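The next block holds one structure in the form of structure tokens; read it before the comments.
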């Protein structure tokens, strides 16, 4: 069984972090683009709102999410009605919670990158026949590569290390919501230090390899 | 007494977040500058190392820091020998722990901002008689204002919301290390949901005001 | 080219009307540019040349405006229509190169080409690369190009996207003379062969007169003169043109080529001129003659190295700078302008109706370009 | 200015030796520039002009190099010394404006001024702002300037930091003719009044000959000619100069001013010339005469609008382009170059030693600038 | 699925292993603080059995109808131990050291969130030391964190659960003093069958096993007192 080894929770964590990062990129990219270019008076307000999840302790966010996503919460009830399944204590619920929790870490680097883009590059692309979307993918996005990299690194790492939210919303169910951060926490809590050390080392080694390879790729890209 | 109201922990949190942010800026700025400009082969490795603290669950980082900073840990023992005071369960210890925990959130936005600086602006400043440091403060830093803003926002907010590390290293001492995130957590744990809601609202309101004013300032700056 | 107020536009023209307001500046133009040849836009710094091009490209949102290209309405603020930038089939060469720093030169060139809708006229990649001398830098990144090299790439990139017409904003400012001359020649050939019309912004009246068929002169956001090159250059009332570059252009037919001395004899209504280099007999040339290169004599001079001496009649003498006057001459059905010192004009007592000889240094005669197809 | 191999440098000179290698390019120069006047650097795109300036400014790290300014060693890779960029008291006007986008125009101008060490010669802020026409834009942000306006600010900024000498990398490319002429005049006056030496990169030989005292010509990373303007412009073996801009420069003394016609009469070893505009009698002028503006006659022409006709002796006839030749003439102790058609030279049978008359259109005579103080 | 208060997690895991071996029923142990588990249960957590660290929350669940009425029972009582690994304490003894803390810290669980914290406060009040030691207190989120504070030497003394002293990873103590149970109200830990498992045989079987002699023996083996 998975839960007895440290690989199970690690794999689950990777799955969660990957899914979350992908979902976040899809959500955060247009949001960051809008924030980078809007002149709306609501902009600072929306920026502040996006950053708010960082301010609350994860467990507290988890607590509130548990209420909102739970079967008696607005979203949770609606979800149950539509899908028949509960959001909380499920992988889907975890992904939603992680996305909310890590959203600022994806939005901020992207927004900075988009803001420091030279508007003139996009203009040039437009006059060369690129639609706004095309210009985004062929010029703005590659020129913001480092922003995407940072967004990915921060979201991914943050989700890997996330624990308060996940514990609350996910409920530590082996094979489903017991990610490695919770597993480590459990070992620490149960004073099984050897196992905790071993799992931490595994997580760190894995994270290091992932981060290292991303930064190496980034270096290649920017050198080219 | 402070600890009975919600203001005490909030004020302590603000003090911690402010101190941490300042210390982080001092540490992260040169580090980010170096990372942005170095061609060293160790760069990706150092980047990955800086990002690692995000990967571990806060409580686990707290646990390890407790050991390292404690009287039997390497750093802790040295600190006691030098200063006569223990690092753990003190405000200083909290600041150190928060800095380690939030370092990546300060380094990454700064590094991105520094990387997207136009090298030519610094060159122009140099030929106009600015020393490298002068050119940094008078040209590079203002042109990276959004990077600093994001570094400050993320570090500040992240420290406000931090809880696992602080709880472990700080020991939840009222008036000294009991920050608001722990206070909220305590209320949730002790089923005092009304108090938890109230404190959360206070923290959120405060954080929102701080973030909003920073983003408004940023907008002014970039409009000028 | 004519100023009109309805901006209806016809086939084979670019008709536009724009009003654009900025803090210190208002662009207010209403004009029609023929959809052929090269149209020069001349004006001092801050006159609004770049702003005009940006309006045409759709990069600027004018407070009111209408643009009709070839009879198709591209923009009409009254009916809230505006073709998005990428659907306007234009090539835009910016004042600075604006190459994509993440793509090699080759992929920069491909960028527009890949996105071009298939059109009848195809531009030949190899040809353009060769003409702009880009072969050796195709695999380089834009960072490793000098200023002039980058601008050449950017010209090629705009031409390769098969535009209906091309907007060029001082594309040659960063180039050296030799390269400039080469590209000017190429642009000339390009618009003759491919009949891609070009709207060409420049401060340099020399460049403009070497290249353009039509000219419009801007000042403080307004068009103060437009029409075909000859007639605008002949105008003596334009302060912007009052520099030393005043001159005139005549259309001439190649009569013969003298291989021994490398001279071509061309004929126009005013007589025969010798032009350097070989030109195809029977073809038509436009010849620009700078007012500075024309001197006048009462009697036909002999024993001089000046080959081109033509009888002319003084039409009028206009004041010019403090020490000089501009003399308008008629030769057959054509006109020439000569700039001479006021002292000479007084000493020779030049009057309208006088018969004189115009001396034109043959090396100062410039072949300008093949007249476009039709 | 002389090429040397030791780069010892003397007082009042900038001596340098640089080797800089890039993928496709090697800069390899060894030269000494006098610490006065304006030194032109001319060369085609990619010749290495910008690279040379960057080395001098300390922005590029050459593989080997030595720079001695006024006898002080600023850089010597052999002894691993190199003054950091900000301690090199130079002003650098870049090819593009590089204004600081977070500062107003006024604070951009102040940037270098505040950091300048106190020196004997002070530059007057008001004067420079007025001369470059910046009064109305002091409170604007750089974003709201046109290309030409921005470049003017950048020139003023470099001048205001009180440099020992100024490096200018095609600073006028983005300007219109009128503004260009104005700034050229100002630069001219500036270096005469403040004796700030300038190293001036340009593609435009017209600009260079209107401005510079010395000239160095670069090709593929090497200096192929250097010396004072006259002698370099007279050289007929430089392909880079072989365009129409060949010419010569003579130094002349103002004899008298004719207020009626606005003409100044100047005298040089070859005779008298009429120059437009008023100049102070007794002062010295440099007069540039383009080879294209000189024609030759066997007999003195009469009844012509050309005022300047001088007797001269043919020194040599050099081949030029296909249809033209360059004729080197001596007038007194000075030399002129004339470009005429090969056909004319054959028809007139021009030979070395022949006595001829050189016709120079007086409007084509150019006053170039006040000779620097000493 | 058994939700267990984290202080009992180690014991519960062993019991569950034995239970599974004996009955063949699969068990999952979910450990978290009682407060968290409670919040999760009222928001629909898929747990069958709750082994709480107090009596309060099982009671609340029963009242709310989330726990099956009448299935609530006390399965263990915790005991407080005054514990130290500080060599300086060895000579003085734990109890005495409490009087002379100086700059040293005393770790207890947070009285506001953890039952062991409540007990610790009662003991200190009873001994008349509360006001004196209060400035030197460090509060663990729960009794396990309290142990970490002392075990890592950051706190010189700690009031921990006796069940914890048997943990193999623990460094050897320099003193250990069992706090008299009369000085604090009993640390009753209750179990309850949750509504969603009302009909699950395995869940009831687990509770019965816990209550049975084999379970009791294991509980006692981990340093807990047993209900009568």
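By written order: A, B, C, D and E. Residues from 1 in each chain.
We adopt the following convention: contacts are C-beta pairs under 8 Å (C-beta built on N, C-alpha and C of every residue); 3 or more make two chains touch, one makes a residue touch a chain.
As the structure is a prediction and not an experimental result, all values here were calculated from the model.
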Practice item. Treat touching chains as neighbours and tell me the shortest step distance from chain A to chain C. Key: 1
**Study point:** Any chain in contact with chain C as well as chain E
**Key:** A
Check your understanding: If you average the Cα atoms per chain, which one ends up farthest from chain D?
Key -> E
Study note, to complete from the structure: By Cα centroid distance, the chain farthest from chain B is C
Review point. Would the interface of chain A with chain B count as same or different, where same needs over half of all numbers used to appear in both copies?
Key: same
Point to revise | Geometric centre distance via CA averages, chain D-chain B, whole Å | key: 56
**Study point:** Computed distance of Cα centres, chain E from chain D, in Å
**Key:** 90
Check your understanding: Can you give the whole-Å distance between the Cα centres of chain A and chain B?
Key -> 20
Point to revise | Geometric centre distance via CA averages, chain E-chain B, whole Å | key: 35
Exercise for review: List, in ascending order, every residue of chain E touching at least 2 other chains.
Suggested key: 36, 39, 148
Practice item. Mark out which residues of chain B touch at least two other chains, giving numbers and ranges. Key: 63, 185, 188
Review point. Which residues of chain D are in contact with two or more other chains?
Key: 96
**Study point:** Pairwise chain contacts under the document criterion
**Key:** A-B, A-C, A-E, B-D, B-E, C-D
Review point. In the complex of these two chains, what residues of chain D are touching chain B?
Key: 57-59, 84-86, 88-92, 94, 96, 98, 100-102, 111-112, 115-117, 141, 157-158, 161
Check your understanding: Along chain B, where are the residues that touch chain E in the complex?
Key -> 63, 66-67, 69-73, 76, 85-86, 88-89, 167-168, 171-173, 178, 185-186, 188-191
Review point. Which residues of chain A touch chain C in the complex?
Key: 120-121, 123-132, 134-135, 138-139, 142-143, 145, 224
Check your understanding: Can you list the chain C residues touching chain D in their complex?
Key -> 23-24, 43-46, 50, 95-96, 136, 144, 146-149, 170, 173-181, 203-205, 240, 243-245, 258, 260-263, 274, 276-277, 292-293, 295-299, 301-307, 321-324, 338-346, 348, 359, 361-364
Revision key, fill the gap. Listed in rising order, the residues of chain E that touch chain B in the complex are 33, 35-36, 38-39, 57, 60, 103, 105, 107, 110, 112-114, 137-141, 145, 148-149, 152-155
